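Input: a single structure, listed below in structure tokens.
In this document, chain identifiers A, B, C, D and E correspond to the written order of the chains, with residue numbering beginning at 1 in each.
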Amino acid sequence: MQSMTNEATPAPTPMLRAVDLHKRFGAIEVLKGVSLEVGRGEVIAIIGPSGSGKSTFLRCLIHLETVQRGCIEVEGRTLVSTDTGGECRYVADAEIRTICGAMGMVFQHFNLFPHLTVLENLIEAPMTVKGLRREDVVPKAEALLAKVGLADKRDAYPSRLSGGQKQRVAIARALAMEPDILLFDEPTSALDPELTGEVLRTMRELADEHMTMIVVTHEMAFAREVASRVIFMDGGLVVEARPARELFASPEHPRTRAFLENML
Amino acid sequence: MQSMTNEATPAPTPMLRAVDLHKRFGAIEVLKGVSLEVGRGEVIAIIGPSGSGKSTFLRCLIHLETVQRGCIEVEGRTLVSTDTGGECRYVADAEIRTICGAMGMVFQHFNLFPHLTVLENLIEAPMTVKGLRREDVVPKAEALLAKVGLADKRDAYPSRLSGGQKQRVAIARALAMEPDILLFDEPTSALDPELTGEVLRTMRELADEHMTMIVVTHEMAFAREVASRVIFMDGGLVVEARPARELFASPEHPRTRAFLENML
Amino acid sequence: MDYVLNILPPLIEGTGVTLQVFVITLMLSVPLGLALALLRLSRIAPVRAAVGGYIWLMRGTPLMLQMLFIYFALPFVPVIGVRLPDFPAAIVAFVLNYAAYFAEIFRAGIQSIERGQYEGAKVLGLSYAQTMRRIVLPQVIKRILPPVSNETITLIKDTSLIYVLAMNDLLRAARGIVQRDFTTSPFVVAAAFYLIMTLVLTYGFQHLEKKYAVYDE
Amino acid sequence: MDYVLNILPPLIEGTGVTLQVFVITLMLSVPLGLALALLRLSRIAPVRAAVGGYIWLMRGTPLMLQMLFIYFALPFVPVIGVRLPDFPAAIVAFVLNYAAYFAEIFRAGIQSIERGQYEGAKVLGLSYAQTMRRIVLPQVIKRILPPVSNETITLIKDTSLIYVLAMNDLLRAARGIVQRDFTTSPFVVAAAFYLIMTLVLTYGFQHLEKKYAVYDE
Amino acid sequence: GKSEAPQAAAPAAPAAPASIVVGLDDHFPPMGFRDDKNEIVGFDIDLAKEVAKRLGMQVSFKPIDWSAKEAELNGKRIDVLWNGLTITEERKANILFTTPYLENHQIIVVTDKSPIKAKAELAGKIVGVQDGSSAVDAIQKDEKAAKSIKELKKFSDNVTALMDLSTGRLDAIVVDEVVGRYYIAKKPGEYRVLDENFGTEDYGVGTRKDDTALMGKLQKAMDDMKADGTAATISTRWFGKDIVKK
């Protein structure tokens, strides 16, 4: 099962390791061999033009999409591997669920459960998935709500919240499952400019607490200030991957340069 | 009918004149006496925090909402007036339609007609409202589409367009009725940052052609560069109204200053 | 097989009656339903209430009773009293009843159109009538196709109720033969007829839905 | 008035039969419909096709025929053949028929839930069954209340079809009195009964809709 | 409860208490219908109860849709058809009959104001009947009359036919005499019965073709009741006179 690809792994097991991911939708190849290694506590920002495959990459990592080739390991455990013959194999369903349990994801459109109150959104998965008792999870959920500044919205329904509040609930909901890695797919791009700030602030706090995060974003300021590394993707490939300040200061690749000029 | 309020009108008839508009929704007073005078070819940017009444003000101007007090004149023709007794009177329905025909409006969510192609969206009103023949309006509609850079989307349905393209169609649709004044309510805030540029470019071109425009916007760069005057609204009142460069360089009112700091 | 061929003529005749009631009811109740829906959304409260009461009455009582009422009791009602022959009486009952159902479908469809569409039309100068005709209703049609299709398929089977006015629709023709010949195979043939009609209707509506699928919302 | 009081007992008894058929059908056909809807959305193509065929058959033929078939013809069908007494036969027919209608309503409801809800649940670790039970179906209920309410109001009137098995529901009881006493007033009383039942149902569903209105989508 | 199949016990040996299910149209006054208390009553009901008593059998009455009577009988859902069942040659192919117990005429009913006086005047007129009733057969048997009338409308029951006669859409209806007279008595002065009719026929009790054991017992009990006057008593109770056919 643990068929390793050619490269040698670095000494400390990385939190997440993706090697040579390929993903095709029908005839279109959306990922053409994307690799990424994320260490504990790293914050990775992924930028790139629309359609470059950023969302698809994130979705493959957390098994919302299946790859056709490549290898994904989470904290040393293999989710999918490809042998030398090119055959791509996922592990058994139960194991997939355990491995993906180490990751949480925050979507552009929040995907909160509209029929549950804010608190119920937070405790649903710990109770249903982990089988914990309500009285055990509620205090933790309340603490998380306080952390994202929404203690008073405990009993509100999501529809009563502003976009920024919704997104902070979504973050708290993901945190309630105590993931080791958090994936964000454009968490602020559905928000009014005014509401973006509060979500970015929450994410910055998570970074300060050394949460491992992979963030697809259009917020260059956030990428520059918070990310340890920035990945620039284009056409289903990683074009450039360098420490944030370096990449913004002197983009190497002309495509990166063109993109950054357009954005700023 | 032409009951004038106290102030004396300036020599050339303004394109649009709103005096002391009051608007209440139930118990909440949303506009608490807003006045504005717009000259031919002026570009007015309205900025302000969420809920300050910007949208409501625009909607009152074009009769999507009715005011409870105040006076609106468009090119010298009275839409609504309030006599000294405080009684607020709108002109007859047919006249309202003529007067509002001088204005066009572009919405945040485009409000294109999904069952009509791009071209049909443009020619619908000229044909139905003005009773023009199809062969007379199609060439003009095509010219407008070329102007906003969408000549090739002529026969596409709105759902096939990106947000930026939709908004440019919405602008072309408004222009097809040959309005003298165009109102915009946050025309780019439903768009991805990457798509915002193309819409702002189109609006800048209109400004260059001396179209009279009133634009509610969060795009400070646009307000600064294109607007002749910037209105800062807060709590249903105009707090500050000055030439763009002045207001951004040295906001007088502390609330304006706080708002601008938050935005930039 | 010979037997089936033998019983086909009366069943086909019955199908003719069924289809007549079906087509005429559909052609009249859809426009009437649309008119009722517009009145139901009128600004005038008494009009809204009256139409609401009408819909409640029509949907709240069995069509069979309505048919019996129109046939037997209407002639004795003062002023509006009129003695209708059986076929027209059945049609009137079906139209009044189905119009109420269609009215509710239309109302829901009209209310599902976003305010933005009305505002978009208004700032372009379209009047209320123009907005309805050119902008709202064309979009409503797409949205109500599924419930209208359901209602229509129900109608083709409901037509069999006209037996209470002594008319020979498909189902009654089949029952007549069953009684005469003491065999249930006419039921099987009748079921096949109904299935074919339903199939044709289903394909028709699928075709319409495809036609309207050229645009998304 | 005395006369009306006189005919009330049989009409009330008939209402009892009507309500029995109504309640039992509802209690059985809703869960069966839900199961069919889930099968209709199954990954296994033959299952989907089989359920699709079943729904087509049940919606494509008149309930009356289905009832006559189950009562008279089923006993002679090999293997599954069983001779049901009249009431169970009627219930089986009603349940099989209405389950098909409810299945379509549920299917549409389930398909109307956005993919984001499934993805949100999946990244939290919920299994498919958990996602259905805890996330999707509770939201489906809110969305399908209006069509379910329609179907339910139709059912209360459709119950009168059991006359073909000579059971004395409200409408048949009324017809019986009409034939005994040769006067149409029992019909008027029966209509009032139906209106009351419809009213109660309408209020019940409005109450449910209000209950689910605590959250918006 | 009901037995699945009637016991084929030897005749005149009612020791084993059998039970029979009588199928009837409970909307067929005065032969069988529901009274104020929703109980099934009528002339045929009383006869059947008396017969069952004499045979020591349990009897239950099952309302059926009259148009499905053969299916009910042959599907063994009922054992006996007893509800003004006319004896016809066609039916004899499927049903075993007792000897006639009542003579019935297919009478012609018109409104009191109708100009129609004779059967021949039905030419070109619209005539109503109950669907599936023996009136249909009776008219069809009279070929000359059947051809001359303009339209034969088959209603689901006699009352709708009578009501349609009152609205004027029908010119006449043809109906079993026992039933027709019952209704006419309800609305004195509104209807009139012509002197001529569409023939005389007999009512009998029917069983399944192969159920000869039951038929033997039924026939015997009926004969006894005719002989000892019980049948006459029941007839007087419902029709005011003895019209039982000996």
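Rule of thumb we're sticking to: a contact is a pair of C-beta atoms (placed from the backbone, for glycine too) under 8 Å apart; a residue touches a chain by one contact, two chains touch by 3 or more.
Because the structure is a prediction, the values reported are computed rather than measured.
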| Which chains are in contact with both chain B and chain E? | C
| query | At the chain C/chain D interface, shared numbers over all numbers used: above half (same) or below half (different)? | reply | same
| Whole-Å gap between the CA centroids of chain B and chain D | 53
| request: Calculate how many whole Å lie between the centre of chain C and the centre of chain D, each centre taken as the average of the chain's C-alpha atoms. | output: 20
| query | Per the centroid of Cα atoms for each chain, what is the distance between chain A and chain D, given in Å? | reply | 46
| message | Two-or-more-chain contact residues of chain B, please, as numbers and ranges. | response | none
| Residue list for chain E, restricted to those that touch at least two other chains | 68, 71, 163
| note | By the touch definition above, chain C meets two or more other chains at residues 68, 72, 184
| note | Checked against the stated definition, the touching pairs are A-B, A-D, B-C, C-D, C-E, D-E
| note | Interface with chain D, chain E side, in the complex: residues 25-29, 33-34, 36-38, 62-65, 68, 71, 75-77, 157-159, 162-163, 183, 186-187
| field | Touch list for chain A against partner chain B, complex | value | 49-50, 189, 192-194, 197, 218, 262-263
| request: Could you pull out which chain B residues touch chain C in their complex? | output: 62-64, 97, 100-101, 103-105, 107, 109, 111-116, 124-125, 128-129, 157-159, 173-174, 177
| note | In the complex, the residues of chain C that touch chain B are 116-117, 119-127, 130, 134-135, 138-139, 142, 214-217
| message | Please output the residues of chain D touching chain C within their complex, sorted ascending. | response | 56-57, 59-65, 68-69, 72-73, 104, 108, 146-147, 150, 153-154, 157, 160, 171, 184, 187, 190-191, 194-195, 198-199, 202
